[in-house]
Each structure stands twice: as C-alpha cells, then as structure tokens.
Amino acid sequence: MTSMTRVDGRSAEQLRPVSITRGWLDHAEGSVLVEFGRTRVLCAASVTEGVPRWRRDSGEGWVTAEYAMLPRSTNTRSARESVKGKIGGRTMEISRLVGRSLRAVIDHAALGENTIVLDCDVLQADGGTRTAAITGAYVALVDAVRHLERKGALKGQALIDSVSAVSVGVVGGVPMLDLCYEEDVRADTDMNVVMTGDGRYVEVQGTAEREPFDRKLLDGLLELSAIGCAELTRAQSEALAVDLPAGSAR
Amino acid sequence: MTSMTRVDGRSAEQLRPVSITRGWLDHAEGSVLVEFGRTRVLCAASVTEGVPRWRRDSGEGWVTAEYAMLPRSTNTRSARESVKGKIGGRTMEISRLVGRSLRAVIDHAALGENTIVLDCDVLQADGGTRTAAITGAYVALVDAVRHLERKGALKGQALIDSVSAVSVGVVGGVPMLDLCYEEDVRADTDMNVVMTGDGRYVEVQGTAEREPFDRKLLDGLLELSAIGCAELTRAQSEALAVDLPAGSAR
Amino acid sequence: MTSMTRVDGRSAEQLRPVSITRGWLDHAEGSVLVEFGRTRVLCAASVTEGVPRWRRDSGEGWVTAEYAMLPRSTNTRSARESVKGKIGGRTMEISRLVGRSLRAVIDHAALGENTIVLDCDVLQADGGTRTAAITGAYVALVDAVRHLERKGALKGQALIDSVSAVSVGVVGGVPMLDLCYEEDVRADTDMNVVMTGDGRYVEVQGTAEREPFDRKLLDGLLELSAIGCAELTRAQSEALAVDLPAGSAR
Amino acid sequence: MTSMTRVDGRSAEQLRPVSITRGWLDHAEGSVLVEFGRTRVLCAASVTEGVPRWRRDSGEGWVTAEYAMLPRSTNTRSARESVKGKIGGRTMEISRLVGRSLRAVIDHAALGENTIVLDCDVLQADGGTRTAAITGAYVALVDAVRHLERKGALKGQALIDSVSAVSVGVVGGVPMLDLCYEEDVRADTDMNVVMTGDGRYVEVQGTAEREPFDRKLLDGLLELSAIGCAELTRAQSEALAVDLPAGSAR
Amino acid sequence: MTSMTRVDGRSAEQLRPVSITRGWLDHAEGSVLVEFGRTRVLCAASVTEGVPRWRRDSGEGWVTAEYAMLPRSTNTRSARESVKGKIGGRTMEISRLVGRSLRAVIDHAALGENTIVLDCDVLQADGGTRTAAITGAYVALVDAVRHLERKGALKGQALIDSVSAVSVGVVGGVPMLDLCYEEDVRADTDMNVVMTGDGRYVEVQGTAEREPFDRKLLDGLLELSAIGCAELTRAQSEALAVDLPAGSAR
Amino acid sequence: MTSMTRVDGRSAEQLRPVSITRGWLDHAEGSVLVEFGRTRVLCAASVTEGVPRWRRDSGEGWVTAEYAMLPRSTNTRSARESVKGKIGGRTMEISRLVGRSLRAVIDHAALGENTIVLDCDVLQADGGTRTAAITGAYVALVDAVRHLERKGALKGQALIDSVSAVSVGVVGGVPMLDLCYEEDVRADTDMNVVMTGDGRYVEVQGTAEREPFDRKLLDGLLELSAIGCAELTRAQSEALAVDLPAGSAR
C-alpha cells in the first residue's frame, strides 16, 4: 500500500472526515444527516403499519429505499427527474442497492407487518454518495426500529447486524479508499463494497472504468474496503450510543 | 388586532423566528438555508450562460424557479413526484409563483443573456413553505447576481428591488401572521402576499378555505402581511450585509 | 374611475356581452355554453353516485372541476396536452381554482355521497376563460343539483349561495373590468376575483405582470370586480329562472 | 333493401339530418361545426408555414389530423386522456384515419411547404363520430386551402377531389346506413367507408362485431355506403357554395 | 388475374413460403414461430385463471393480444416504445386488430372465466407482419385452449372456427397476394383481410395509399384474399394435426 | 470444489450447453442467437453513422446496449414495459451493464464517429440472461465492426480484446457456475462476472441474497467464474472463425 498524498492530503487508506448527525428532522421516525467530507446526504426513515400488497399476510415486514439527488447537489445543475417525468437508470440502480443492503441486516419476521422506507436525498455530492447513503440510512433505520420497539410493535430483535459501505478505486495505479469526486473521475477502476459489522460482504460491485483490472488489484481493493467499513462501523456505533434529546418528536 | 396567544406563544402580528444562512452549499452560485420556525427550505441558485430557445437573441436574461418537497419533509411521507412520473398541481403552481415573484425585481436587460434557476427544496415543512422559499430564494438570487457581476457578465444593475413573502390567515376569526401548519389547517382564509422592499404588491393570493371573507377581513390581512414583509426585508438585508467566507467556492 | 374608451368601445367598468345557454348538451346532467364576448366555454356537469376513495363513508359529497382548452381555441394552435402526455401548470392551476370556487358554495353534507365533475372546455379564447368557466360552471352545477333533487338523492339544501368570477386589470395605468385578450397582454397587473352572490370573496388572485402595484390600485381593482360579479350574478339568475325544455334528456 | 322503420323513424338507406356550419370559430383558418343527427363535431383547420422536420426541403406540404372526444360528449363521462397521461388506441386509430382520408384528396406538391392540422373535437357523440369528423374536416380543409390561395401561398390546385365518410352496419340482419349509437351497439357488423366525390374508395374498414359476415352482406353494405357518401358530397358542396361573411377573421 | 412475375418470382396469386413451428417456447401454454417468407413473428399464448375486473362474474372468458416489433426487426433500427415511454398508434391499432380477430372465433362462455393473452413479437419484418401475427396467434391459441381442456377448465367447445389473415394490394395496377416489404412500399392500395375457416369475413381493411380505388379493384382484391386465407387455413390445420413432443412443458 | 450433481446433472464447475448462431437476422449488421441451456437471447447490432449529440466532433465512436425481456420469456407472463409506460430498474441496470462491458473492449477512436447499438432481447429466460446477453452481444458487435471495416469506415483496430460473462453463486453452501433459474432462486449469493479474453475483470457484481458471504466464498466464486469465462471465450472464437454465408445481407 502506498502512502502517497492525495488531492486533499489524505493517505491512500484514509477515509474523509465522517459526520453522522441523528435527529436532523422533526417528523421522521429516524433521520440522519451523514457527511463523508463534502458529500452530504439526508436520510429519513418513515415507518408505516402494514406492508405492500404482495407481502400481505406473510407476517413479515418490509424495508425499502429511495435515493435521489437535489438538482444542484452537483457541480453543474441537473434536470429534476420529476420534471423529466422519469427516473434515470443510475437513480434506480442506487435505490435498489441501498434497499438490498439494509434488508441484509433485517430480520423481517421480527419486524412484523411494518414497512420502513429510507429516503436518501443527496444535498451535496462530492463522490461516494451511495456509500454515504447506505452508512447513514442504517443509523436512521436503527432509530426507526427503536421507535417500533418503544411502541411494542416488534416481534423480536429486528436488527441482525450493522451495515456500512465505502468506495475504493484505483487512481494513477494506486488503490485508494473513499474517493472524492476529483479522484473518482480519474479512477481506472471504481468499486463499492457493502459490509456487515462482522466483516462479511453484502455487495461487491467493481467496474473497470478504463483499463480492465486483474486479480491482484481486486484483492488490494477488497482489503482497503474492509479497513474503511470497519471504521464506518465504529462511527455508526458512536453516533448510536448517544441518547436523542428528550423533547424530540420521535 | 388581537393580542391573543397562539399555539407557539406568538402574538397575532408576530413572525416565527427567521434564519437565513448563506453559502450552505459549495457548488451553487448562490445558496441559502432559510428557516421560518421549523419550516426549512434549501434554495440554490444556478447560473448558466445563455437563455432558453424562445428568448434567444433578445439580449435579455431569464430567471425561473423549481419548488419541491422532500418525501419526508411532511408529517407523513408523500410519494416522490419523480416516482409517480408527474408533477402535481400544487408543485407547479408554487414553482410558477416563486419564479414570477423573483422576476418582478429583475431587470432582464441588465442581466444579459444569462439564466438563473432557483431550486427551492423543502427539507422540512411546517406551514409557509412557499413564502419561505421566495424569501430565501431572493437572497440566493442576490449572490448569483453578485457572482455574475464579479465575472463582468452584467449589462447594468440587474436587481431593481428586494422581494419577500409571508402568509396570513384567519384562525378562529382572528387575522394572524405567518401561519404554522397547525394553524394553517384550522384557518378559514389563507392568503399569501409577495411584496417588494418598497412595500408594493407582486402577488396577492387569498383563498376562502371554509367561509367566504368580506372586505374588512381582507383589509386586516393585507395590513398584517405588510408588517411581516417589512420584517423579512430587514432579515434579508442583514443576511446580505455580511461577506461570505473567502474560501467559498462562489 | 375613468370613462376612457377601450379597444371594443366599452367603458372601464363595463363587462363584455354575457351569454349563458343552458342545456347545450343532451347527455350531461347540467350543461352551459357561456360566452364573455368572443370567449366561449362549454361547461358540462356530470353526476355520479359515490365519492372518491379518500372521502368514502364520510356522508359527504364531492365537487371537482377540469379545465382545458381546445388546441385551436387560441390565436395560434397549441399542442394537445394529451399528446404531450402531461398537463401544463396553467391548466392544473385553473382546474384547481374552478373546483375550489364551486366547492365554496356547496354544502357537502347536504349533497350526500354523490360526486359532480364540472368539465370546462374552452372552445374559443379571448381573455377571461377561467372567469367565464367559473361563472358558467356554477349554472351547470345548479342544473346538476336540481337533477339530484328530482331523484330525491339530496339530504338537504346543497347550494349555499351562487358564485361568479371576473378579471380586472390595470391597462395604461387605468383599472379596467373584464379584460379581453388584447388588453390582457398589455396589462401591468392582472387580477381574478371570485365572489359569492352575497358579495363576499372566495378567491382574490392579483399578479403584477410588469410593475408591482400599490394599495390604492389594489383597492380600485377590488371595487371594479365587485361591480362585475354583481352583474354576472344577475345574468346567472336570469338564465336559471327559465325552465329547460320538457323533452330534455336531463 | 328493406324499408323497415328504425329507432328514429328513418328508412335503412336514409342519413340522419346533416348540418355543416362554416366559420364557427374566429381564429382558425377553417372551422366547421358538423352535425349528423345528435353527433356534433367541431373541426378546426390550422395553417402554419413550413412542414415537419422529416419532410423539409421536399417542396411538399403536409396535412394531418387529431381527433378527440370531450369527457362528457358521451352518455357517461370518460376520463380525459391528458389526465391519464396517454392517448388511447381508439383515439390514435381515428386520428390516423382522418389524416389519411384528407391526404387522399390533397396534391402535396401544389400545397407547397405548408402544414394544415385538422383538429376534430367531438362535442357530443351519438354514433358515427369518425365519419362526421372526416366529412366536416374536409370542409374546414377547403377553407384553409382557400386561405392559402388568397395569400398566394399555393403552387397549384391543392385539392384533387372532395372526400366524405359514412358508417354502415348490419342491425337485426338488415344493412343500414349511418348508425346512431343505439343501433351501433346492437350491430353485428360495423363498417366505415371513406369515398371521394367521384365515388372511389379511400378507406373500407369492416369489422364483424359478433357474427362473421359473408360476401353478400359485404356487397350490400358497400352499396349503402355509396348512397350515403354521395349525399354527404352534395351537403359539402352546398355548404361550400356560400360565401363566408366579409367581417370574418379568415 | 395476371401471371406477371414478382420481385421474388411468385405469381400474383401466390403466397410466400409459410412455416408454422409450434412449441417454440418452453414456458408458454401455446407458442408458435410463424414465417411468411422472411417475416418472422413469435406468438406466445399465456393462460391465467380469472378475467379483467370489468368482466368478472360474467361467467365468460377473455382473449386479448399485444403486438410489438423488436427494434431491429426492420431495415433500420427503430427506437423501443418502452424507452419512448409510450406506444405508437400503429402498434395499438394492430394489437387491437389481432385481439378482435381471435375473439371472433372464441365462444367466451365455453372458455369460462379464464384469460388468454397472445403476445405477437415481430422478430423480423418483411411486410405482412400483422397478418402473420393473426395466422400464427390462432395456432398458439388452439394449443392454449387444448391446455385448458386437458386441465378440465373449459365449459364447452371454446373454439368456434379457425381464423387467418392475409394482405393484398395493387402494385403497378395489378392486384397481388401477400405483399413483401418491397412491394408494400410501392402499392397504391393496401388491404388486410381476416377470414374464418368457413370463408366469412372478420375484418376487411382497405386503404388507398396513393390513388383511390374503384369497386372493380376492390372485388379483385377480395377474391385474391379468399384464395390466400384458404391456403393459410390448410397450413394451420397441418401444423395442428401433429402431436407436440411428450416432454414439452405444456 | 465439489463434484456434487446439480438439478440438470452438471458438475459445479460446468457450464450449460452454449450455442452461438451468427446471422440469425437478415437486416442487422451483426446478429446472434445465443443460448445458455434454455436461456435464449437474440442480440442485434445496428450500425449508424454519427454519434449522439454530446459526443459530436470528438472523433470517437459510441457503443451502447438495450436489454429487454419478451413478456412470455419467463415462467409467468410479465406486463410489457412499453404498456406500463416506463422501464423498470432491473432492465435499465442490465442495459447499462451490457453497454459498459462492450465498451471495455472497444477503442472508440479507432471506431470513428460511428454508433453501434446492441439490442439484446430475451426470447426465453432460464437464469443468466444478462451474462448470455453480454457473451452473445460481443459476437454481434464483432460482425458489426467487420461490416464497418469492409466499408472502410474504421480508423484503426476497433476491437481491443473479447469480452464474455458468466454467473456464479452459492447454492446449498457450494459455489456453482452458470446458475439456471431453479438454482438461482435458491442461491445465497449471486455473482455476475464480466471478463476480457485475456482474463482480466471488467465487472464484478456480487450480492448476498440471503446470508452475507465471507472472503473465502468470494475467492471460490471468482475462481469458478474465471473457468467459465475462459470457456465462453473459446466458444466465441469458434463461432467467429466461420465465414458467414455469402448471400447474407450484411
């Protein structure tokens, strides 16, 4: 692993500063403003009784997610998908990824016939929005599950493990952790890894942006991502260790 | 005017605490997080060279706005308009209102063939989201105009006046200023007033939600709204008096 | 008030010739061809048993409206909204306005769980289409309510009052009543006022098209609109005083 | 051919009363209110310079049509296609049929690079709306062509022939001309025939609604339709023989 | 009838080689790859219990069809209708035609409350795709009905007759049977005829592409189509006479 | 690696029978019917001169792909995306994956300003449709590139390497190659691997369907996929070694 300095002065295996602010919204049953450097995602968990039609009378709950970017979260403004009248492929792909990642740590039977929707809205984008979304949404999900617990609406321990995600990539031949946008556009390979708190994989998505990559580079990226996810798991634990203020709506 | 106490302890002619935070985003040419009590709207101004096709070669610029609510800005989650594949009537109506209000204080010839889009995304809703959006968007617009000025892209003084907006309504027979959600649902009449800094009207939109209203009540509401807009004009001036930090992207 | 002559020879406080023809369609429970000068709107009231899902078991009825323009109602042809696959903001805004205006004079409990839809289709447009639509739709609504009454489907007196609407505007500095298209495009301020038969306001929507307006101009416009609505109320009464032909389908 | 009396007292080979009112609209270059009994269709011809992109620089013009029904033209209200966000198959099919029928009598080279759009909006439906639309649209088309002629915008004689259309069907085993709605729903076979003024076929569309039909019935229907189209051709000629009033906008 | 040789060496009254391959798919209850020369359509019949909502509790079944073309079935690639977000008029028109044609030979009461959907996807287009679709879909429909019969789900003999379809047209003044694409684009008149096995008409759709046609040409086309449909009926019978392989999924 | 027998008798590291039929369509510049067991995908390559607007004047070409399933390719019929009016997330995700995979082996500068669209339509689905699509589309792409070469439209060697794809998964704790549908639904982990002919990775997409997976299982899956892709590369070479028949349209 190299110790070459990066655009923002980090070492290759270093995350950007991570900030997880719980209770950022008054209405949602769980809400988190998560920041990976300048990337800023607002995650809101909404609890409703009942499940979608296709899951009714299964005794099991449902967790799903929707990801979106504000038009000016990015460097140049993008048109709203609501105005275009359809959702782009990237948005759908990430929404599905966030949902799958969270469901991997949920015991749906213990959840009972309740639905939790995680809205992940990117307020500012600087690379790694999907991994920040997963990492923050997990914390909002925990608050939503605690809300159900306080109401006596669970049928057991609904959370099996924690889940976090990080991007890794090969920039200038060097594997690097948690790419910012400037690094991301220059990367040969881009990989998003979603891991549980106990260090197993939920998703591994590696893409050769330019040059195909060999097994050795792949191994290097997998190692870096494990370092990053372990650190994010700690940040999630710390954020969740604090009690939310008593007067909070949740 | 009565001095009866309201749900949040205000008097009838009192605004909620107003907060205007400039430079909340790193990429946008102007950005404001505006708060009217618990209502929180993120306003981003995006500058692009050129104008829409129908306005080309007119020598004049264009200012427009898009308003939207995050799914969980409200008490219960609403479906995303991008997912539904179409924009609702209320969203369109407010987007058009915000755009018209800002254009009322713009000298389009002085702006030159530049376009400024104001995105007003409601992060949290507690009544008065459209009036907060107009009030905040004006401040973001000023920063975008200053950005064009620094670039030497203007052909004159593009801002004619300031503009702000406030809601007024009749609750329990009493005209009140700046309704929060709880008051809004109980109001007989609901009115949104958009005024320039010099105290003239840009928009007056009054709706009898239950009982039709007479001229006397209408006059009372108009007076209250003038008080509110004057105070918002002061808050805008104060926010704009400060220099943005040097390292800012704009 | 000035007595300056207008493009069509009217005085400032004079309406265009108003014509209200009931029973213009054979199928609808109420139907009116309303004309304000060359503006021609076909209003059809459709009665159905039952109410939308969200209102079921409330014991209350529902009145709603849809406004649309034929492609060649205007000077140059506009594309059909059905072909474009979405409804424009202006169309939605006016549909919502017409619906709210009619609901203001309906006692929903007396209506019972019945729905009345008012379709207002502009056959020819020459300014004031939304105000003609409201004025005509009210008359069609009365015929639909009478139809329900004859069937014994009402639970009381469903109509509380009458409702009509008129546009006013400032053209060349002079407040004028019931603007035709040629005046409308030259107006500095444009205002639509919806009033009940007893002279109270249902909606007041004033917009500064160019110059913001002051309180004195606003007062002048409000006075003109009261004159216009009073006259429209008389025209509605006269039209409704006549019996529809016996052989009519309703 | 039988002389059995029909629901409205007609003989089998008799059209309903036909009325063709030219100049019904003030803005359109040609406009006709056509009535086949209670069926009432408003046909507006809109002329624009230039042709669609795919036809540019061909030296040839273009004629097209859009057909639609008002929501309450029918016995029970139908949802608007603009609200549903898509056009139904029947609407598209008829729009295409009307366009093809009119193009059959147009010399596109003589028309020059001009476009004429025929909007056929059904105000009231009682069977035969597509045939009334074609018959009326032809007359509006003539007025639009005359408008181009007066402007000197034609390159020759743009109209080759006239065109009209009629429905025929087998009701209770008997071929009948120009079915009204009540007959249409009871018909075994339904056929629409579009013919030129000189008695040749432009379209023949026969459909077995219940029982397949044999050659003999087909021949009977074809004969009836020739009788009907000949009569409609006469009605078109008579309507077109009159001068439109001098003050007309066209 | 002329014996002039055609682009592919056929005589005027000769079909292209017809091939009907049953059981082309493993999952569908009936499936046919039908070929008219180079035109190749995959027809799949899907059986489901129950009927659409509007037909419930009628005791009757429902047969419907959807036609579509693969993007590169044609000479130059066409955009996908799913990507465009709407179905074109031609697609809808043909889907409706195929559905009507099949329903003409179905006894819906005998079918019981079962639905059969026929998907006709054009893999390669060389003229006559709609007639090949109808001819192939009938064979797939028979296999689907036999499937229901084996399951004991029918209430009688669901098939009344067979149905097939062929195109005819006038090319260079000569009526010809079963036009290939090269002939189709040069045809003056284009006609599609759908006939039952006993020689009666289900649909007759003739269109003058250039010159209107007279009764004599129409008669010539009708005779040719009867020759073609009779031959297709024989091809259908032969294909259906064979047992499908035992190991087949159906 | 286990040698346990699978549902279809294969060993864990064995592919299903692979069949690659070139020239299956007459119009497309390249076309392949690819079969992985019962999975059957039709891949058509369409060449057009020029590139999308955003790439113009870059001197570089563009390769893209669209994936779709026929409604009855699956066990039970799915609704058409064209009828639903929008494309699902899975379809978009796979279309994007196929496009990226093919672009990884294209030298866009050598391609010149030409566009190649690969349409991958699943005629029958039995697991592994996306990997069959990539594997078949590559062969169709080669034929399209050869077509450009014969026309002298290339600026160099446009193909850098070959590309193929295979699925691997953990079923009953055992890593297995090329899952059929029955195995796929029972798999704990599902992984799709896209590799170049020289054995490097283009895409690695692993998803824990039930239990998160550890590094050891991941390594096992990566090894299996390398075996599969090597074999598919051989099958592609063999298919491409043969000359297409002389009379072919390409």
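Note that the chains are named A, B, C, D, E and F in the order they appear, and that numbering of residues resets to 1 at the start of each chain.
Note that a residue touches a chain if its C-beta (ideal position, glycine included) is under 8 Å from a C-beta of that chain, and two chains touch if they have at least 3 such contacts.
These numbers come from a predicted model, not from an experiment.
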Touching chain B and also chain E, the following chains: none
Each chain counted as touching chain A and chain D at once: none
Distance from the mean Cα position of chain F to that of chain E, given in whole angstrom: 32
Centre-of-Cα separation between chain C and chain A, whole angstrom: 51
Residue list for chain D, restricted to those that touch at least two other chains: 85-87
Ring path (origin chain A; first step to chain B): A, B, C, D, E, F
Chain F - residues contacting chain E, complex: 25-28, 31, 38, 42, 44, 46, 48, 66, 68, 70-77, 80-87, 91, 117, 119, 121, 123-124, 126
Residues of chain F defined as touching chain A within the complex: 86-90, 92-93, 95-96, 100, 104, 161, 191, 195-196, 198-208, 212-215, 218, 222
